[in-house]
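Before any comments, here is the structure.
Labels for the chains are A, B and C, by order of writing; each one numbers its residues from 1.
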Amino acid sequence: MNPATGSERLGLVFEQVEKRYGALTALRRVSLEIQPGEFVALLGPNGAGKTTLLRVAALLVRPNAGSVKMTGSAADSPELFKSRVGMVAHSTLLYDELTAEENLHFFARLYGVANVASRAANLLAAAGLTERASSLVRTFSRGMRQRLAIVRALVHSPRILFLDEPSSGLDPQGRVWFAETLAALQRDGCTILASTHARDEVLRLATRAVRLEAGRVVSDSGSGGNLELILASLQAATQ
Amino acid sequence: MNAGRAAAIIVAKEVRAEFRARELLNTTLIFAFVVVVIFSFAFDPTTAESRRFGPGLLWIALLFAGSLMLQPSFAREHANDTLDALCLAPVSPFAILLGKIAANFIFLSACEVLLLPVFAVLYNVALLPVLGRLVIVLMLGTFGLTITGTVFSAVAAQARMRELLLPLLLLPVLVPLLLAAVEATAGLFAETPELQWTWLEILIGFDVMFFTASWLLSDFLLQE
Amino acid sequence: MKNSIWQSLVVGALMAVAGYAALFIAPDEKTMHVIQRIFYFHAPAGMVALIAFTIVFIANIAYLINRQPRWDWLAVSGAEVGIAFNSVVLITGPIWAKPAWGVWWAWDARLTSTLVLWLLYISFLLLRDLMADPDRRAVFSAVYGIFLFLDVPLVYFSIRIWRTQHPQPVILGGQNSGLDPTMRKVFWFCWLAMTGVMAILIHQRYKLEQARHEFEELRLRAEQLSAEEPGVSPPAGAIRA
């Protein structure tokens, strides 16, 4: 499977997505259309379903009803979809018993990235982890792990990014670096869906805010990118 | 990316991770050895008896050690949710399963290579004349054990009490494999060593059937 | 409800006739006399258990194909009823073996296979017991169930070969060797009656599972309705020291 090229612009459509975990309904008939290149901030209290929505989007979770589809691309297979999306999750998705370099090499190979070694080296350099490349991830601090988790998600140059509270654990320098990285990705035309419920610099880059509560979309600032509406949503989010 | 290539990448990762720490290999090997020794105290291993009990003992030790070793196979992927990382990647669930099966097969075989000479010494069994045929039986049996064990490890990972559950799920299912492997091994340790085809057929049948079933059902094993 | 009563009456009548036939109509067996009559329940119970487990297998496959909960209900019902009939085999076997062979258990091929089968499906139920989420439980027990059923022929085959290679206790005439025509009729009639009992038990167990499911649905609906009301407020205010 070839990794994504820099020119693709991909969107996402959620259609009546429903997900239940036994007695708990995490998502209730959620429908959402995300345009290519949008940066959507996903807001809402704990338990609103933000993480579940991201996991359904990444095809990690099969919904009980409804569907998720990628727009802007010809083919439709799950493998193609997965080769175009990347995710920074609650957990680091890293192997503690391997070195930083080995982790990146492994995932690069799995995604079919060309020039595995140089790609990994570049990513490590970008994250400021070059000196610790041969150290086991187990020995990393929280901030370092999060940085590595972020570059791990980017190893195959995804065109759609799912972020689940990606700034948590990052040190101040890391946050600056991450914001810059995201801004660059946004300029490049990446579509980003980010879940966060804190005052986060990342939100400044958002072009749209969607608020979830109890598994439903309760407010959506729309694809227009109306800054005032987004700020108002942010106000509501931090209350 | 085709399943074979993806599986190979995963096997390389598993082997690298395991040989660095060697926790699993060491513990499994020692446990198998302990089982062999402990059983010897229960069954008085004089030479005549050992020909009769030896094969059974060897396979019970492998089965017990195996079913304990196979549980961490998927349970380990729960740390940092790395199983999600594997499922996020554009590789088929079967490739992930195949990679794990192959890695477990390598680990268990490594234990057997080390366990066999020790067993031969303790039980005064002449291995060399039958070594080739014994390796065939061991490989077929180990393959069946690792397929079933890896698949059931993925199942048990979804339930509570998974460490206790895996042996319970696994051992009854392995009865045909145990029978065939023990009888085939006994045939090789007999006065006139002989590889009995009936038992080999059962081993091969078991392996083929369960491998095919794993392939067909792999999608269901790894989804949430 | 009415249907159930009629079904139960019919099957009850069948069993009563079967019992009478087994005890009085079937001719006396020349070596074992009365004890042999247990055979009319022992062997059919084993066959009925296998039918039940086949139903489990079909239900497992069906569930994985279309994910409808009723296949999961059928699977658990079939498994429980199958184990019940298997238990009948495992209990009647020794009861018959002691006077016939002098030992409670002789590791003969059929009984040993039945024992392994019993263990297999107990593991199935145990797995289900240890999984709380109904959807996940249904999927994973279905996968496990399919593996179990594939194992069944291997179990029978391997145990039979195993027992032919090792010394056996002397068996007084195989259980199916040359059945007298009347005996054969009684045998098949008992089998029919027991299959009827199996069908009823599975049906009742299925309805129980269905009722549980409907109860859960109602509970979910009630929770949803209460969640929609503006009840829960976000945490606010300082905690007083």
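We adopt the following convention: a contact is a pair of C-beta atoms (placed from the backbone, for glycine too) under 8 Å apart; a residue touches a chain by one contact, two chains touch by 3 or more.
Note that this is a predicted model, so its numbers are computed, not measured.
Chemist: Out of curiosity, which chains are bumping into both subunit A and subunit C?
Modeler: Of all the chains present, those in contact with both subunit A and subunit C are B.
Chemist: Going by C-alpha centres, which chain would you call the most central?
Modeler: B
Chemist: Provide the C-alpha centroid distance between subunit A and subunit C, rounded to the nearest whole angstrom.
Modeler: Going by mean C-alpha positions, subunit A sits 48 Å from subunit C.
Chemist: What is the distance in Å between the mean C-alpha positions of subunit B and subunit C?
Modeler: Whole-Å distance between the two chain centres: 30.
Chemist: Where the CA atoms of subunit A average out and where those of subunit B average out, how many Å apart are those spots?
Modeler: Between these chains, centre-to-centre, one finds 38 Å.
Chemist: Could you pull out the residues of subunit C that touch at least 2 other chains?
Modeler: In subunit C, residues 132 touch at least two other chains, as defined above.
Chemist: Listing for subunit B: what residues touch at least two other chains?
Modeler: In subunit B, the residues touching two or more other chains are 223-224.
Chemist: Where on subunit B is subunit C touching in the complex?
Modeler: So the residues of subunit B in touch with subunit C come to 148, 151-152, 155-156, 158-161, 165, 168-169, 172-173, 175-176, 179-180, 183, 198-199, 202, 205-206, 209-210, 213, 217, 220-221, 223-224.
Chemist: Which subunit B residues qualify as touching subunit A in the complex?
Modeler: Its residues touching subunit A are 1, 6, 9-10, 13, 16-17, 20-21, 79-82, 84-92, 223-224.
Chemist: For a test of understanding, state which residues of subunit A touch subunit B in their complex under the given definition.
Modeler: Contacts found on subunit A: 1, 55, 58-62, 78-83, 85-87, 89-98, 102, 106-107, 109-112, 152.
Chemist: Enumerate the contact residues on subunit A facing subunit C in the complex.
Modeler: Touch residues, subunit A against subunit C: 20-23, 25, 28, 45, 64, 214, 239.
Chemist: Tell me, which parts of subunit C touch subunit B in their complex?
Modeler: 64, 116, 119-120, 123, 126-127, 130-132, 136, 139-140, 142-144, 146-148, 150-151, 154-155, 157-159, 161-162, 165
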